[in-house]
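Submitted below is the structure of interest, expressed as structure tokens.
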Amino acid sequence: MTSLIETENIGKTYGSVIALSEVSTVVNAGEVTCVLGDNGAGKSTLIKILAGVHQHDQGSFRVEGEEIRFSSPREALDRGIATVYQDLAVVPLMSVWRNFFLGSEPTTKLGFLDRKKGKEITKKALSDMGIDLRDVEQPVGTLSGGERQCVAIARAVHFGAKVLILDEPTAALGVKQAGVVLKYVAQARDRGLGVVLITHNPHHAYPVGNRFLLLKRGRALGSYEKSEIDINELTKQMAGGAELEALEHELRGVEA
Amino acid sequence: MTSLIETENIGKTYGSVIALSEVSTVVNAGEVTCVLGDNGAGKSTLIKILAGVHQHDQGSFRVEGEEIRFSSPREALDRGIATVYQDLAVVPLMSVWRNFFLGSEPTTKLGFLDRKKGKEITKKALSDMGIDLRDVEQPVGTLSGGERQCVAIARAVHFGAKVLILDEPTAALGVKQAGVVLKYVAQARDRGLGVVLITHNPHHAYPVGNRFLLLKRGRALGSYEKSEIDINELTKQMAGGAELEALEHELRGVEA
Amino acid sequence: MTVTATAPPAADERLGKPKAMDQLIKRPEIGAMLGALLVFLFFSVVTEQFLSIGGAATWLDDASMLGIMAVAVAMLMIGGEFDLSAGVMTASTALVTALLATQLGLNVWLSLLVSLAFALAVGALNGWLVMRTGLPSFIVTLGSFLALQGLNLGITRLVTGSVQVSGMRDAAGYESAGFLFASTFQIGGTSFYVSIIWWVLFTVVASTVLMRTKFGNWIFAIGGASQSSRAVGVPVVRSKILLFMTTAFAAWLVGSINILRYASVQANQGIGLEFQYIIAAVIGGCLLTGGFGSAVGAAIGALIFGMARQGIVYAGWNSDWFQLFLGVMLLAAVLVNNMLRRRAERVRR
Amino acid sequence: MTVTATAPPAADERLGKPKAMDQLIKRPEIGAMLGALLVFLFFSVVTEQFLSIGGAATWLDDASMLGIMAVAVAMLMIGGEFDLSAGVMTASTALVTALLATQLGLNVWLSLLVSLAFALAVGALNGWLVMRTGLPSFIVTLGSFLALQGLNLGITRLVTGSVQVSGMRDAAGYESAGFLFASTFQIGGTSFYVSIIWWVLFTVVASTVLMRTKFGNWIFAIGGASQSSRAVGVPVVRSKILLFMTTAFAAWLVGSINILRYASVQANQGIGLEFQYIIAAVIGGCLLTGGFGSAVGAAIGALIFGMARQGIVYAGWNSDWFQLFLGVMLLAAVLVNNMLRRRAERVRR
Amino acid sequence: ACSGPTGTQSQNTGNNSAPAASGDLKVSVITHGTAGDAFWSVVKVGAEDAAKQLGAGVTYNSDGDPGAQAKLIDNAVSQKVGGIVVSMANPDALKTSIENAVKAGIPVITINSGSAKSAEFGAMAHVGQEESIAGEEAGKKLKAAGKTKLLCVIHEAGNSGLNQRCDGARSGFGGAVENLQVDISNPTDIEARIKAKLQSDTAVDGVLALNPQVAVNAASAIKGASSKAQVATFDLNADVVSSIKAGDVLFAVDQQQYQQGYLPIVMLKLFKDNANTLGGGKPVLTGPGFVDKSNVDKVAEYAKNGKR
């Protein structure tokens, strides 16, 4: 089986800033690839390349075995790569169902928007995820952060994505909301989607991840299968190894 | 000793939305009061009242024993209550040192800005926190999220705050950066400041906190001294008790 | 932002009861509708002729020309952009048509086609520049506003030696083209200009596009959050350029109606009108920041404008003060709209 | 956003070497300076009189009046707001002064004081409305632009029966006030207007305030992030209102210079100039979105304007095309500024 | 071309004494002057004075945009006013509207420009003459004053009346006439541009301003450029009057446009009361007159009230 997505020594510079260099990873169907790393490590840059927002400068990027270079997010979507961005990628003033269908609007035979169908599907897709809204006509801006995140995920899953990319979906969420989102990640995975999950929280990454790609200052620090690493080691790696231990010690010190 | 800050049955509504009602807590010098809760639980609303951004509608709010109602953040600052907001509260296009001194600019005898002094103090205050910038004239917008957070904290500490309020300072940060920020929280506490820390992450709250205020849908769910609760119980409470267990079970289920 | 997810079917205990009336005020154009009713009633009572059929023909005509542009500008504003060159464009297109027909002796229909192509090209250029450079459209279209103004004057004077082009009535095809754009139709013995039909048509089409089509959905999206829209696959660049072209098309339509009705055009026509379009759109409930508004609202905004402008004449007021009246009306309208919107948002929550 | 915290002293390995020249292009006004040099050289070569001392007196005078306003508008723009009423305000203040002096027979100095109070009140009202309602200043000041325009015309006609107020020369105190605002001084046998000194003075003061004072720091802050500034204790409302009042003050200064120099004022003066102020500020490197720009840049923007406007006359070009030239110049200037800024940002990082 | 307003003047005074007549006459005056145009302000005052004296009602509206002007005529027609007075800077554009008014039985009088089309459109009479004729006369007078090169200052780009004045001046002057575009809303720019022009073209010895404000600016510019040029202008205000006295301004063209506002109201009144008409199908000419040192004292007083 070819991987859904495969990158080989991929690299990207913004002007004189080298944001990413020589990063290789794979995303398989039914698996979660977690991307971890410090602020500014290049995580968002990597997934923006996968999603067609930016183009890579070096290396090769294959989708289902085929060498590719997306020129717009539309193309990536058409290849089944759906992305939920860090900044949520919803339009706050628009209603929930219009956001849900944005870019893939259902139309009647005459070419008009099929509003009834749109609302029904949205309601159904959201309640499948356990979110029961009073009114799918309400603006997304009136939802809580967790709900918005779920709308975006539900949308990606609904439109038959093969690969689902999530950029820090749990950063702004409470413990429970984060749990809900992780549940849907796991669900999507079990439906056979390939998932790329970015997070700062090893406690969120480890339970659902199959593969862990660690980035640091634009370079791959390491790539592990779940079997190769445990959660403590992962946490340590994410924080830059030895440095963390000193820090933890310090915190304990003041705590005592 | 009177508490630095004390609220009693404080409440606040936005139009017809009751964001906060009957919340009581205290902040003492040299202690960290953690405020925890779901998205939309009213955490930001609570601290905005403490910081003078909003006014409370009900209950009483005392600073050093004196009943008070701030009409602007300026007043709160003048009483020694400094706040680092969720959205960071820095001005991206302005230089680091100008941001550092914003609102409390150092002046020469003639009333002009003392730029030399400003730069020196900034450099020193930041390097005290372990951040060594090449150039304090660079715009804050070019710093990483963690660095910006630290600039804001360093500012609050520097200007002799008695109370330091931090709204989710670690949400967008990597493990290491979060560790650094927590270290400064602990440092501030040990210098005798009262700290209010908001976070979603019990692993961040527990090591540094002395008191834990749990909010849910605008109401206090409970308030615990550190001695009264352990981290597992805290996590459970934050996630709404029983619900979480089911969820964890589910996640484990799919994970297996 | 309430977390309704956790307690969905029961009413949210943190909400007061929404009043029934509040459900009415969710539409962006509600403020404009109230305003229009008020202005209409006021002038109907104060003056004699305002309510007559002849009166209606007059203010509807005035509103129609403004309305066509206001609707287009509203669409552009919903899409998050500005067009300060819209006013002069109405003159530019008329000038192109007139110069071709009177100086080169082209058939009027052909001249109209060429000037349509010209208009669309300018619109596309505006859009392309805005998207390509990332500059605010305020600046870019201010540039094209100035450039077109200069071209209008310079070329007219160069070609005709005067500042107006006239003599369209003798051009071939004037009759038939005039029938389409500038004829009148009779209702109750009073003639109404066909421009009113164009206005209604344009509003209906624009409103349908906005509310009922994919493209309309995209317009709201790119105005509200252009980056996010691009990320979910909305062709932002293409859509925005199309919006600028729509505005240019409307300017062509108005320019053509003008030139065919009046058979002459002056080089400095249209300057300053761009503000009236924006004002009408804003009165109609469009947000200056994009992502919110309605075509019907803009049309009603233009109607208010037309009624007030002609109503003042009917009332015999001193026209010196018209601008003052306009300024006060604008401020009042946006304040009311703002209040209503805030209220609506609270209800929605 | 590089994480330099972790490797501070050593050069960041992820950065290419910044070129030495790049250090030069960090200032907002650098683009304007280049442009000014270019325009200056161009007209110096192409025309004879431009470089003469008499020529300089002419274009400096033109630039000075625009410059005073451009600098004030630039400060307001850095503070994140717009003032579309700035142009008519120059006429309103002149009208108030002239009406008081000629119709009521007040001393000119007293009239000037009253009109200053009037100007500051209008500025404060603008600011207060913007802050109070939360509406965009574009809309609010568009409203006051229209209202003032109507008042200028209506009141002038009501009081004088014509559209001009003249006869200031006979008013008491005209000589002494004229000396302060409208006299000339000699350099090399050519007389220069004192307005040039006012311009330089105003620019120096504005620049000092912006770069060297608390208040200047606040202006940048409230323009860049008004909520954040409020949170750290910057008095946002007061500062913004002060900025609107500064613009009004500048308009009063220009209006006073005008009325004392020409002794008469026309009711429709100043309309449309607000765009020129904005253009000069933008050419000078101000961001339309606030938080970035410079007073010196705006002054240079005005200088470019003055040189180009008069240079065209010296060159004997057909002035019909001036607007075209202006539009193209605006677009070119913002494009270059944009490029330079992007580059500067990259260097900073 | 004609210069003496005498014939019409007597007519004018004759009607001044007419008592307020039976039945209300409502007249709509619609011109192409932009708000704030000094020339048209006097027309307005003339019309309002006549209305006051005759007990008629007058509303004055104006718009520089021919389309908007046409709409104002339509508006007047739907109000069924007793008479319409309209200036035709752009006859083509107003054709339909004026013909509609005539068809509706409303007497129309055209003023100022458009005399050639007046009768064709069915107007009752035309008062005043083409702007170009006024310009021509001004040109002739400047030529007679020994000027060799003339600068004609247009203060509103695209205003056809101003352009006609300059074109007229060109044919009347015979010699070299150059146009200069300035912006009426920016007095500094007016002065600087005229100054620049005078500096770069020292042959210019006459400046024709089309607005008294511009004349003041031009006088200032001439001083600044140490040029030997002299200013002539259209229309008057207090400053121009004192400048004429001081010799800074050569003369002011006075189209006596007060009558272009006043007479049509009188004519409509007479038409209504007695079915009288005036002019016999030919335009009733109101000017131009000239104000120079010789008669400035007399005129000065009227200029102050906005009547000259």
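Just so it is clear, A, B, C, D and E label the chains in written order, and each chain counts residues from 1 on its own.
We take it that a contact is a pair of C-beta atoms (placed from the backbone, for glycine too) under 8 Å apart; a residue touches a chain by one contact, two chains touch by 3 or more.
Protein identities per chain, from UniProt: A, B = Sugar ABC transporter ATP-binding protein; C, D = Xylose transport system permease protein XylH.
As the structure is a computational prediction, the values presented were derived from the model and not from experiment.
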item: Fewest hops from chain B to chain E - one hop per pair of touching chains; value: 2
item: Shared chain contacts [chain C and chain E, defined touch]; value: D
item: Angular offset of chain C relative to chain D [C-alpha, multiple of 5 degrees]; value: 180
item: Whole-Å separation of chain centres (CA-atom averages), chain A against chain C; value: 42
item: Averaged-CA centre spacing for the pair chain D and chain A, given as whole angstrom; value: 48
item: Centroid distance [mean C-alpha coordinates] between chain E and chain D, Å; value: 36
item: Junction residues of chain A, two or more chains touched; value: 38-40, 144-146, 180
item: Chain E: positions in contact with at least two other chains; value: 35, 157
item: Residues of chain D engaged with two or more neighbouring chains; value: 1-3, 153, 157, 272, 320, 322-323, 349
item: Of all residues in chain B, those that touch chain D in their complex; value: 51, 53, 72-74, 77-78, 83, 85, 87-94, 98, 101-105, 107, 111-113, 115, 130-134, 138-139, 141-147, 150, 155, 177, 180
item: Residues of chain E touching chain D in the complex; value: 34-38, 41-42, 45, 157, 179-181, 183-189, 191-193, 195-197, 199-201, 211-213, 216-217, 220, 224-225, 237-240, 242, 305-306
item: Chain A-touching residues of chain B, taken from the complex the two chains share; value: 37-41, 144-146, 168, 171-180, 182-183, 186-187, 189-190, 200-203, 207-208, 235, 238-240, 243-244, 247-248, 250-252, 254-255
item: In the complex with chain A, residue positions of chain C that touch it; value: 1-5, 8-9, 208, 211-214, 216-218, 220-221, 224-225, 227-235, 291-292, 345, 348-349
item: Residue ranges of chain C in contact with chain D within the complex; value: 129, 133-136, 138-140, 142-151, 153-154, 157-158, 272, 275, 278-279, 282, 288-289, 318, 320-328, 330-331, 334-335, 338
